[in-house]
Structures are given as structure tokens and as C-alpha cells.
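Chain IDs A, B, C and D follow the sequence of writing; residue 1 opens each chain.
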Amino acid sequence: MSYQIKIVSAAVATALLALGGTAQADEKPVKVGIVTFMSGAAAGPFGVPARHGAEVLLEELNAGKVPAPYDSVGFGGTPLEFVYIDESGGTSQQVTEFRNMVDRAGVDMVIGYTSSGNCLAIAPVAEELKTLTMFYDCGTPRIFEDDEHHYVFRPVAHGTMDNVGAAMYAVDQKPDMKTYAGINQNYAWGQDSWRDFEGALKQLKPDVKLTTSQMPKLGAGQYNAEISAIMASNPDILHSSFYGGDLEGLIVQAQPRGMMEHVPTILTTGETITHDNKIKIPDGTIIGARGPHGVFAPDSELNTWFRNAYQDQIKGDPWYPSYKMAQTILGTKAAYEKAKADNGGQAPNTEQIIAAFEGLTFVAPSGEVKMALGNGHQAVQEVVYGTARNVDGKLTFENVKRYPSEVVTPPEGVKSEDWIKNGMKH
Amino acid sequence: MSEPVVLVSARNLRKQFGAVFAARDITVDIHAHSVSGLIGTNGAGKTTFVNMLTGYLKPDQGQIFFDGHEITGRPPREITRMGITRSFQIPQLFDSLTALENVETALGIVGKPLEQAEEILARFELTPFADALAGILPEGVRKLLDIALAMVADPRVLLLDEPTSGVDSSEKFEIMDRIMKIVREAEVTAMFVEHDMEVVRRYSDRVLAFYDGSILAAGAPEEVMRDEKVLEYIIGRPLQAGRPAQAQVVQEGAHA
Amino acid sequence: MLMLPAAIIDGIMYAAWLFLVAVGLTLIYGVMKILNLAHGAFYTLGAYVAATFVGFWLAGDYNPYYSYLLLLLAGVIGGLVLGVLVERGILRRFYKEDQVVLLLVTYAIFLILEDVVKMIWGVEPYVISQPYGLLGSFNIGLLYYPNYNFVILGAAILSGVGLALFLKLTRPGKLLRVVIHDREISMALGINVQRYFLVTFVAGSILAALGGALTAPTISVAPEIGVEVIVLAFAVIVIGGLGSLPGAALGALIVGLVRSFAVHYFPEVELFSIYAVMAVVLIVRPMGLFAAAEPRKI
Amino acid sequence: MKSSSTMHARQRARRPQHALIALVVTLILIALGIGLSTWQFVVVVALSKGLAALGLVLLLRCGLVSFGQGLYYCAGAYAVGMAMSHLGIRDLVPLLLLATVSAAVIAALLGVLLSRYRDIFFAILTLAFTMILYGLLIRNPVLGGSDGFNVQSPTFFLLADGALSRRTMFIITAVVVGVSIWAVQRFLATPMGRLGPAMKDNEIRVEYLGASARRNIFWNYTLAGALAGLGGGLTSFSIGHIDPDLAFWTTSGEFLFIAILGGTRNAYAPFLGAIALELIRSLAFQYVPNSWQIVIGVSMLVIIIFLPGGLISIARLWLRSAARGA
């Protein structure tokens, strides 16, 4: 109730200001809760670069420095205010924080969440509180495949394509492969990634044989036995959805033993460790970025702007989670502004933003994004893989292949698991 | 008095700790309503005997009967419920509860109304300490409270393990007077372990003299204390040898 | 084939590492009867100090072989400073409390130290992998093992044997055994128990920090690395028997070999939880494999 | 004699008040929750955790520290979630009963074993058991693995119209808590309930008074499990999502913290502790977002040193002086 009133009054205020011409300093901003991991294992690889992405967007959008079609200040002329929340602490903590943001901090909408568990838990709460919520990173397809949502959007692709794409790339690059192996963390992310990869690979090349599937627990840290087991089983290709400290630890331990030189390794989140030269990635390692993000983002004016703005402000390269955050914020902006236009130039209410967001196609630094699944609430995008090659001490990518969304994502109404099982047909 | 009834009967009890015999062969009958004093040097087997009777230790050999039922090796709580209770050389109290709450807890376990707690404290002349925490009471009071807890269940047999050890010698007789008054009133069969021969002489009907895990002599106090072997092995020559044994006990209590 | 020797080597190396990270925990428990939940945080801190020292050294283009010395130094300095601070600043006030209250106290210390680490070093991982590969490697067929593993193995053996000899042969070691056996008696004998506690806690802290420092080159140093370590160290010493040095060694070998053989032979049968092993051992032998029974006095 | 009669009066007065005080506390809770509606959710979460901590209070009174209370919290929550999705039960009453009973059954089974253990070994074994459940759940894709799954709002047969509103859920939670407080206060007044502190002090004496320490621990443990199961069931409604984290040992650590913070003197204490923790956490998140663990850790140490009786001891002093002033 009070929320609706707030929105309407904000809308009226915005409309009056809009009539007066330029945005003014005392205008009530659009308040957005930004939720990313600031502690725990997912902070370093995902949470921190994503938050940096949000910080860059906030400054650039409020200064009106983003290129067209995003050149208006904030959202439709109204400046933005971000409230940053740490995503750690578990679902119970996150549900509490989400309610606090809405009930007490009075945010207008929420953008965030890397953990699939958190996304699953937040979605019904967002519905209950009628709060527009955009997921920027979490991978599980269950969000829109198991449930329908009205207030929840995911303007980035879900995780199925990461591993389907990985399987396709493996087959493309090694058409005569006979064996495969995997090392994934023993929790939902690792289990789902492995299931999708193995399922897709078996569809593409039914005669491949598994040598060993290692599932150490999250944060195990010591992988020497697993590395021995993988090397002893001598597979043609190795799949891993490791990330963050676990991924770096695996590579550090594999390096002096030559595992990754010996066995080409697919790292589905590998892009996150390509930036700061902490770790030498062996030639031949197959790197993914969970979409056309980061190093695989296509050349465009938007991409150049984002990369430069990010480098200026953060003093480093944007990683794929930074891109996904930027894409989510810009998608929301696109929906907001479309809704505003549909509303005769007045600030839209939540329902109007939702109507505009559903099925929207927008551009981002990572290229074109279509809200094609989940009744227009779930984006699809291409997936990109490339092979690492160190040239003069600099990491480059060769054999970069882009798989369009139609090939790597199930069509509307089909569950990812069934789609893979049934041959990934369209 | 009518024909004495044997209430507790121990047959050939043996208990060994490693190479040491704590009890070699203890056979004894305890008559109903008697008060027995258990004497003997340290390590003679008195406390082991008490511990076996109350189920803390299981004898390696032999049998214990109580009122015609065998109770050998039964756990303490069962033996307690059958009617044999005890006090301890180091009082076993609930130190963070008040004296009153100590007794109430005991009453609760036994299933008696808690209101009786004050009467029981009064009976032991402990009423002034009712609201004091048991952990900070003086040793003599703790000893009495320990016995009060043992009496809550209306036992038929009460075993007292050194009721006056650690108590100032001037208070000894006062404490024993109180205890024995209650014991006699309640017509409880009692046994007490004691090093002070004067206390034994004054309060027991019968004396069991332990030596090296066996009973050296048993009988009326005067009789046993005149026994040659008892004099030689346990009491030593009157008055001189009783003291060191006692001092040893106090030392033992200090760090246990 | 390759599998059996690989499984044994992996198991032993993992066991050596486990022992190294667990020995401080069992030492502290043995002497002080404190199960130090903050042990993992000491490990983390050692790893961070090492990462800082070595990172600085390598950035300066100095002789990389000295970085091994820096690892050692990081463990000793990190453990010493933290151990003294925690023992003198916090733990000492709680010695009169129950064992279980002390468990909560160390849990609180664990929570505090986790945040302290984040405040000092942030959440982004540090990688200082150069010392790991620098010593070359040996191989069995296809399988290459970095020689750095011998550094861990050596440190484990040295700390274990060293401690055992110290307890057995030296005068302070013998006195320490008295403290372990009976705190009250040793106080009555005039042994300065407080000082032995400080020294023991600091020694345990140094061992934990050293474990972290020596592990640092093989991992990515992140704030949460200690959580897994405390779990493993815990399991190792519970299985072996709390406070027992040979118990810790046996526990480490059991956990190490079981894990290694599971990884090599039954990866599809998910490695049963280490907690299950722990529970089974406690059910069968309620005090662990090597613990001395405590006499009860009445 | 005089002191004796006042003691009698004190004892007699103690008993009939349980129901009344529990009722008043429940009504105050409901009034506060409805008055401060933005805090309603935080209070509901705190109350559910308070129930689990109440179970710990029973154990702590016996001198036992469990690092595994999360096992039953999780079991209760999963019982609700599974009954909803697999059995189609939507009504709150059978769901909460199921949560309580299934947790109690597991607790009873493990209690047979755990009642043999004391001190640190009890703590370690309880921790091991909760982590075994955590490990099992994480590997179980049918139950959503580590991501867990969502739980719908329940219905209530007395209120015909569909899923319950937040406010109704709040009132129901407050009433459940009120009833639990009353029941536990009653239990604490029974001989077995009174035995707890005695067990903590001296198990030998307890045995030599004819009571079984193991049996007593068994019942306290089972009851503690049941309370945590009830709390877990309520949590699954308020959070609307359950996952294996509920069984992770840090969840149990949080319950312990709540119990220590509140105190173990009576059944009200853990709820005071739970609400205080949520307040501390909210404030810490607001003012020191990156070091709230330090705040929690330090307050834990401060409580152990300066306030071993927990917050309830302050509350009692305050109430007593207020009563004297009135």
C-alpha cells in the first residue's frame, strides 16, 4: 500500500519536474538496492567486480555520460541512488535483508544475487512485496522453469548455455575426442554444471567415455589427489565449473604437474582469472565468460565506453560479472524509459515497467539481449568460448566461437534438463 | 531386642585394581538397625567396600544381598531406589544451588512434595544456611547437607564415608551427635567409615576392622579395639598412631 | 598400474599436510584442555602474512629462493604475535570457565579474526605460487609431483618428532607433561602453569600459522580458507584422540589415505563425509583412538 | 521460622503465574509486532530461532553444549517443505505437528547414543551429526541440493480463506511461542526439569539420589530437538525457502549465541536473546557493514565475562526494581 503511494507520488514529482525541463538536484531519485557478495568465496570473483560495475554505472548514468540509447540522466531523467547490501549470510539472512530494504530503506527496486539459492528464495518474497527485482548473475534455470514470476526479471542468460556451449566447443575443437573427465564442486552449482555438460556431450557424441568425475567439496583447497586421478585417467578433455579461490588453487596445484598442458581444460567461469596476471593460464585452456561478456564482449560504442569508464574509475579491467551487472542495470533502464514513453512521458509505476520489460530487446556492452523466456522475464544471449594462448607474455584468445542463443538455450516452455536429455532440439 | 535380622550381606567380595587388591575376600553380615563403624588404614578396603555396596564399583567376585535380594553389580540409582544411600568423603552436592534447592532437588527425584525441604533442613539444623549456595558453605555444613540428601529417600541403609573428615576436631562430636540422633530416630541401619577411634567407640554398636582387603575383626567396639591384631595393624598403640592416620586423610582430601 | 602408488603418495602427502595443520590444535588441547575453534583463523593469518611477505619479495625481483625463508618467518611471526595477543588479551580471562564455555570463547575469537583478516587484506584472493614450482618435481610415469611436497612432509615430521622429543627429553617438556597430567598438582608443585599455558598457546598458534604459511604457495589465499582447515584438523585430532600426538599422526594418516583412495578408486561413490568418520570413531571409541581415560574421583 | 514461612509463600506464588506471564508476554509481543509492522518480519525470524535456542537452554541447564541444534531446525523445516510438496498438506497445524514430531523422533534416536557423552565429546558429536545431515542434503538433487527449495504460505483451518497473511502468521508465531514458553516453564518446574542444573553440578549425586542421568539427558535432548523442529517449521513459513544451510554448524553456533546472550534462567530468556541478536545484527549491518562478525564475537565475550546470567538477568533486576518502585 504505502509502497504504491510512494511510487505514485514519486511519479507525480518526476512528471512535474520533467515538465519543468532539466532534472534538478533536489529531485527524489530512483532508489535501487544492489546486492552482491562482499564476503565469502564468491566475493572476489563475482561480488566485487559486479559491485564495481554498479558503481561505474551509477556515476556514469547520473552524469549522463553513457552513449545512446542510454544518454539520459539516471532512469528517464531521474537520478539513481544505490543502496549496497552484502549477499552473504545465507538465504534466511538475505530474505531478511531484502525485506529490510523494501520495508525500511524504501528502495524502489532491487538488482543483484549471484547465488542460485538466494535467487530461488528471494523470488517469492519479491512477488509478495510487489517489488521489481532483477537477478544479474545466478545461473539456475529453475527460477523461471519451475515457477512463473511477475515482479522478477533476469536480464542475463541462465546457466544451461554455459555448459551446453562448453560441450559444443569441446566437440568442435576436438572432433576425435574419446574420453572426458570433470572436476566440479560438490554443491548445486558444480552438480548442475556437470550434469548439463555431461548430458550435452553425450547427445553430441554418444560414444565418448567418462574417465573420472571428481567432486571435491566447496572450498576443499587441496586437489593433489584429484589431479593425480585425472592425469592417471588421461582424458581428452577436462570440464570444470570451479571459480574464485578454488579455481586458482586448482590451477596453482596443477601447474607444476603439467595437468592443464596435458589435458585441455574447459573453465566455464575462467574469464574471471584472466585479468590480473596472478595466475598463468596454460596455452590450450578453454575459457568461458558465461555469455558474451568481459574479454568476449563484441566491439561496440557501448563496450568501449564501459571498458574505458571502468578502467578510469576502478583502475582495472571489467570482468564478466561487471558486464552482467552493467547489462542488468541498462536493461532495467531501457524498460523504465520505454514504460515512461508509453506512459506519456510521466514516470512509470512498477506495473508499467513490468509491462515494458516483458519481451524487451535491448543492447548492452555485451551486445543484444532478448527477454525471450519465462514469459518475457528471462533473457537469452549467445555464449562464447575461446582457447587461451600466451603471446609475448600477454594472454590472447584464439578459435573464439560464438554460439547463438537459439542453439544453446531451450525454447520457451521446455525445461533445460528435459531439453538436454531429449537431444537439444528446437 | 528380638532376633537380629540380617539386612545386608556380603559374600567373598573381591576387587582388584591392576596388581593391587582393594578387596581380597570380604564376607560380612549387617544386622538391621545396627550402626557399624568401619575402621582400617588407608587402602585397607573400607571405601572400596562402600563403593561396592552402593554400586559404584562392581566386585570381580562375590555377591551382595540386600534384604534377601541380590544387588551385586547393579547401578547406583537402582541400589539407591531399593533403599541403600550414602554420603561421600568429599561431599557430593549441587554447588550452584542453595542448600534448600539441594534438598528440593532430592525430594523431586524421590517424588516427595518439595515443601518437606525446610523440615529436613531443620532436622539437620541447617535452616540458617537454606538460601546459601552449597558451593560456598563450610565443610562441616557441607558434610551434613550431603547426609541430608542421602536421608531424603528414607533409606533403610545409610553408608557414611568419613562423615567427620575435614571437619575441625572440636566440631566432630557435635556433628556426629546430630547425625546419629537422626539415624537412630529414623531407625536406619548405618555404617560409617571413620579414622578417629574415639568417634567409633562412642557412636557404633559394632566395628568392622579392615586390613589389606579383608575384615580382620568384627564385633562390639570395645572387643575389637582390644583385639591384638587390630591394635598392631590398625590402631597402633593407643592415641599415638591414630593421629598420623588422620592427618593423612586430611591431606588426601585437600587435593582430591 | 599407476593408481596404487599414486593413491599412496597422494594420501601420505595429504596426511602430512593434515598433520601439520592439526598438530597445534592437539597440542593446545592436550595442555590447556581448550578445543581452539579459532585455529583455522590462525592458519589463515599465517597464509596471509606469508602471501604479503613473499609477494613483496618477489615483486622486488630478489633471489626467489629466499622466499622459503620468508614463509617460515611469516609463520613464526604471525603465530607469535597473534598467539600472544589472543592468549594475553582474551583467553587468559576465561581459564576458570568450563571446557565448553572456552569452546564458545574460541568461537567468538574465530568470528572476530575472520573479520580482522578481511579488514586487513580484503576479500580478493592472493596468489604466490612461485615457490611451489621452484624446487622442481619428481615423477612416477606420467605423474609429476612438485618437490615442494617434501617441504610440507619435512615440516610435518619435524614438528611431530620435535614436539615428542621435547616432551620426552627436556626438562621443560617433562614439566609440561606434569601440567598435562594434572593441572592442580603441578600448581601445588610450584610450576608456573600460567606461563606454560602462554608458551603452549603461542607454540600452537605458530604451528597453525606455519601450516598456513607453508600452504600459501599451493593455494589461492582467501579469507575463508581457514574454515575448511578447522574442520579437517578437528576431525583428525578427534579421530586420533584429543590431545594425543601419535593420535594426531594416525588420524592424519587415516583421513589422508581414505580420502586419497576414495578419489582414485571410488570417485563416483561420493567421499563420505569426514564427519561420518568422526562420528563412527567416537561411537566405537568414545574418546578417540589414542586418548587416555581420565580417572574420575569421588 | 520467619524466613521459612516467606519461602513457602514465595514457592506457592511461583506456580500459577506461569500461564499469566506467558499470556502477557504473548500479548505484548503481538501488540509490538502489529504496532511496529516494519519490524514484524525480523521478530518472527527471531522468535523461530528463539525456539531452537530454547531447546539449547534445556541442554545448557544440564551442562551440555550442543553444536548441532541446527539438525532439528533443519529437519523441522524440511519436514514442512516435503509434506507440502510431496503430501500436499497445506494446513499449518498438521505441518507444525509433523515438524515437531519428526525432529523429536530423530532427536530421540540420536539421544539414545548421545546421552552417553558429556562435555566436549557431546559438543563434537552433535556437530558431526548436524554436518552429516548437511552433507546428505547437499548431495540430494531431489530436495534441491544446496539450493534448497521454496515453501508456500500455509493455510489454517480456522481461517477459511486461503494462504495466511504475514500479520496472521506473526500472530500465530507469537501464540506458538507463548504456548512453548508456558509449556517449558511447566516442564522446568517438574522434578525432571529441576534436575537440569543439578545434573550440571553433580551427576554422581543425581545417580545416588536414584535418578538416571542418561535418561534425563535423553528426555531433555528429545524435547530440545522437538522445540528446534517447531522453530524450523515456523522458519520455513516466514522465510519461504529452505536449504541445507539450516543444518550447517554455524547455524547451530548462532543458536548457542542466542542462548548465551539471553541466559538460561527461564524460558523467556532465549527469546530475549534472539530479538537482541537481530537488533545487534541490524545495527551492525547498518553502521559497520563489513565487521558485524566482530560485533557479534565481542558481544559474546562481553556477555560471558560480565553477564554470565545473560540479558535475562538484567531484565529480572529491572523488573524487580520496577515492581519495588510501584
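Assume a contact is a pair of C-beta atoms (placed from the backbone, for glycine too) under 8 Å apart; a residue touches a chain by one contact, two chains touch by 3 or more.
Note that the structure is predicted; figures quoted are calculated from it, not measured.
Novice: Ranking chain pairs by contacts, what comes out on top?
Specialist: A-C
Novice: Quick one: which chain's Cα centre is the longest way from subunit A's?
Specialist: Relative to subunit A, the chain with the farthest C-alpha centre is B.
Novice: Can you work out the whole-Å distance between the CA centroids of subunit B and subunit C?
Specialist: Once rounded, the distance between the two centres reads 50 Å.
Novice: Just give me the whole-number Å value for how far the CA centre of subunit A lies from that of subunit C.
Specialist: Their C-alpha centroids are separated by 38 Å.
Novice: On a C-alpha centroid basis, what's the spacing between subunit B and subunit D, in Å?
Specialist: Roughly 44 Å separates the two chain centres.
Novice: Take the average of all CA coordinates in subunit A, do the same for subunit D, and state the distance between these two points in whole angstrom.
Specialist: Using C-alpha averages as centres, the distance is 39 Å.
Novice: Quick check: what residues of subunit C touch more than one other chain, meaning two or more?
Specialist: 118, 270, 298
Novice: Among the residues of subunit D, which are close enough to touch at least two other chains?
Specialist: Expected reply: 139, 204, 290.
Novice: Please list all residues of subunit B that touch 2 or more other chains.
Specialist: Only 88, 92 qualify.
Novice: Inside the complex, what are the residues of subunit B that reach subunit D?
Specialist: Its residues touching subunit D are 54, 75-77, 80-81, 85-86, 88, 92-97, 100, 104-106, 108-111, 114-115, 118, 122, 127, 130-131, 149-150, 152-153.
Novice: Can you name the residues of subunit A that touch subunit C in the complex?
Specialist: 38-41, 43-44, 47-48, 186, 212-215, 217, 219-222, 224-226, 228-229, 231-232, 234, 244-249, 252-253, 255-258, 262, 278-279
Novice: Which residues of subunit D touch subunit C in the complex?
Specialist: Of all residues in subunit D, those touching subunit C are 63-65, 67, 113, 116-117, 119-121, 123-125, 127-129, 131-132, 135, 139, 204, 253, 256-257, 260, 290-294, 296-298, 300-301, 304-305.
Novice: Under the touch definition given earlier, write down the residues of subunit C that touch subunit D in their complex.
Specialist: 35, 90, 93-94, 97-101, 103-105, 107-112, 114-116, 118-119, 234, 238, 242, 270, 273, 275-276, 278-279, 282-283, 286-287, 298
Novice: Tell me, which parts of subunit A touch subunit D in their complex?
Specialist: For this pair, the touching residues of subunit A are 38-39, 86, 90-92, 95-97, 99-100, 103-104, 116-117, 120-121, 123-125, 128, 140, 142, 147, 186-189, 191-192.
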